[in-house]
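So, here come the structures, one by one.
Each of the next two complexes has chain A plus one other chain: chain B in the first, chain C in the second.
What follows is the complex of A and B.
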């Protein structure tokens, strides 16, 4: 099965940045997909079925929490790992993310090397 | 910096792949895109004798378009796309590096203050520096008590174990308190013999409240590897690390002083114990010698001695 990672962020430079940080995986044959808001991200999760999603929280149309909740609880898609990316790092946000079905939580500024390491571990490239 | 044609065509740039497939389908005969080793990336190999056009990008041939009319235009179009991708990748690399720096500075204080051991703090500062600035050797060198020699407190690769203030590039950096980038060490007249092992050196002073603690040094076997950005980054890291190293050194000194005080106190207690034992013994002896029984014994002994003397 082709491996896919979806990056959902409304800021183009952050999408580019995350994609660049994950370039090693692209070289391994992983397809990197991007979406620029929550709605587009949700549609891509349904259509493309990525194994891993980096999901920004603060986004227009649908925020990351809503997307996460829809994917995990309304659509019942469980074979996707969702990593929430946000500037918020308070415990309450992390708890809220977990309640919404997020698998992991990373705060911005994130460490690009850590991001790659997590993606490799999740996709089984270690 | 070559952008691999395969990535451009098949992976993250889906729209490009779709447009190219549409263009190929519209042409008669269809076109075929080959990579630089002439492996087919898109389409089927057309009959022999068709023209083959190079896709030139970033100063090299990254692939070929084979086909009839339109193949040349497609090769130019792919070359243009590849050039654009190279620029975007370069910008993304730059942004990623800046992001790594922001992340480093954001997390640095927390990492540095996690320990109060000077060596550990120096190791953390050095590890963070080498994570962002590619180097084959590096070290944190701290100024000794007389303020003459810089001695290695933490290092990786083959850093110099010692340097003298004012001598060599490292010594000069410590003396002037100014960060230095030397991209060709041998060509720098100030270089010390030990520094000849390196092609390039990056050095920043560790100063806090106007007091020099030492220097942080990164070195590479190759020349021309460090940029002004690297220098600025190392200097920022040094200025953030210096107060924490100073705190760790103060803590270590206080700990040492406390241990010395404790040892002195232990000696004093020991001496007091001996004195007490002696006085206790004297008291016990006095208690015995001052009894009537003991005095009577002494008297009897004196009498006996007298009898012996008279008899002799």
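What follows is the complex of A and C.
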């Protein structure tokens, strides 16, 4: 089965950074997909059914919380792990993210090694 | 035959005698009949003038005369009270003469109380010769006394143009007649007296009733004048009241219309002490008659008294005090009598009491009205003052002040206008009555031309314009507005705030008679000053509120700004740190090992690239921590932080903090010593945040210490647990110590010394500790080190640590 990771962020440098951080997995045959806003991200989740999504919170058109909520509760897609990347890093946002159905969260700035380690664990690469 | 003759003669004589007796009896019968008729007539007549009329006409039937006078004895004088046959009747009536002192036949009648007959009075008495009575010279004269109950009450004087006319027979008949006449005259006189007395009493009683029925001074004066003219027939009368100490002021007059405008005598005021005879009436409380002012040396000629000949003044005395007087006059000298004085005095006594009551009532009324007015004013002022201190909305204060002022001053309307910043015009902001249509609110009035308002602003003094429609104090345009609005009097009072005119308040009237008084000006100024204070208060309050709202908005903006900025900063920081880390990793894993060049420069470049990337990463992380602190502090201040309240152990908190700071301590080759008192009680609070506090304190200690140890100590002191972090660093000067917990205030000169840390660590610690009900403080000595401590409260129900 094809492994897919979706990166949703409106900042091109951050998409590049996350993609670079996940380069090892790409080498392992995991497909890296990117989307630059919430709506595009949501469409891609439906179309491509990635196993893992790195989802930025503050984005144009549809924010991360909304995308997360739609995926988990409205579309009922459960076989996807969503990691929220929040710049705020405050508890209230984390709680909110959890309520919205996020599986994990990471605060910016994140450690690329940490990000890679988490992705590997989730996708079963050890 | 002789006997027959003599018998005949005798019969004849007897017959004659009988006939004579019969005629005599007849005459006596007629006489008696006349006397009876007189008695009848006299007894049915009761008025003196009618009685005299009957006496004179009936007397003529018994005793003939050409002229006859009825004279009444009054004291020692004889006064002619009636007559007939005289051509100068009007002159004779009331004529009075002293019979004893004159060469007069009456003297004999009065002296002897018997009839007295004179053959020819003109020959015997000098003054009779010069007198012309009726149609001819009086010659025969007879005087008959009028005796009532043996008392002489007067006499009848009968005149005849014939010498020696009257006989003793006449005298006898006249005496019989006079007896009846005297009785009739006396009865009539007594009746008249009684009637007059009764009438007077009736008038006085009615006057008393009328006078006591009113407490209105003008009505009392009217009543007094009404009744006075019934008792004393005057030409003019003036009622004076005393004002103050020595002024007599006319308060009511009557009868002057014949000579002048009654307003002239009504305006008379004078100092009575300067006129001796009037002063006497007032001070001696005695009535005074001046029989003929022409003969009176002290008479003061005044325009209203030009017609006066006879003058009478009666004091008005109430409760022993003279409150005024009334004076009456006659164009005829010697008119007023003692009887007039008596009447006038009786009435004066009653009138004085009524006047005094009215004056008291009036003064009480005035006092009460004054008191009521004052109460109303004070209440209104109080309302304005209360509003001024409690209401902070300027519009409401102005509305209230305008409506209160309208009521207090009984004004038609009250407008309040505020001066614009340039001082060129005023704008109406409030107008009473409210809901006026059209409303002048918003109306802009240029000051150019409006000289009155300009003056008010310049002098800061109130102006009252009486004739607003024609006043030269305003330009024609303003006057036209006044005419249009039918404004007659307008007051312009300045509204002063801190000595500056900020506007005007203007009550006006549409009543031409109404002019604002000095008292009302003062009232308006009082309200204006309270209002100005209120406006100022409201302005300051609004400023303060605006400032607070601004500060609050700024704070919200700041928090929002901080959240946004932190987000915006983190995104590039994420890239910077992320790419730096990956690059360093790539270099270390894939590039450096493959660089085989032994070139010294290449080796140095590799070492420097490694170091530089390390610096980029650590500085990036420092920046991240600064952003985190900023955000933390902002959230705490906003109250947006959700605090946990969980059981916690102080040793655990210190353990976690020392672990987190271990690498820092190791980097500076310092030693961290932990001194924790055993068996400390369990506390409750937000563990993570308290760990943050200890981390901050240790970080600081490490930062400012170059060698030696940093000690973290925890111990109990009564109800508190004290946690201290002790360093042996540079220390803090005493004057700087209070500043260390202030935001963005790092101790020392920030221009020369590189600031270390964010300057937010200690303020965050302070917020966290204080949230737990504790206290944070510093003890330090420059060059010897610092002790930062905080206290935490031990819960009331303490429980020991569960190991």
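Criterion: the second predicted complex is superposed on the first by the 126 of 126 C-alpha atoms of A that agree within 3 Å, B and C clash if a C-alpha of one lies under 4 Å from a C-alpha of the other, contacts with A are read in each partner's own complex, and residues count from 1 in each chain.
By our rule, a residue touches a chain if its C-beta (ideal position, glycine included) is under 8 Å from a C-beta of that chain, and two chains touch if they have at least 3 such contacts.
Because the structure is predicted, anything quoted here is derived from the model rather than measured.
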item	value
Partner chain(s) touched by A:13 [first = chain B, second = chain C, both, neither]	both
Chain B versus chain C as contact partner of A:2, first or second or both or neither	neither
Which superposed partner A:74 touches (first chain B, second chain C, both, neither)	neither
Chain B versus chain C as contact partner of A:24, first or second or both or neither	neither
Touched partner set for A:110, first chain B, second chain C, both or neither	both
Touching both chain B and chain C, residues of chain A	13, 17, 20-21, 109-113
List of chain A residues in touch with chain B within their complex	13, 16-17, 19-21, 26-27, 31-33, 109-113
Interface residues, chain A side, partner chain C - complex	11, 13-14, 17, 20-21, 58, 87-92, 108-113
Touching residues on chain C, where the partner in the complex is chain A	563, 566-567, 570-579, 581-582, 585, 620, 624, 628, 631, 635, 640, 642
Contact footprint of chain A on chain B as seen in their complex	7, 11-12, 88-89, 91-93, 95-96, 99-100, 102-103, 106-107, 131
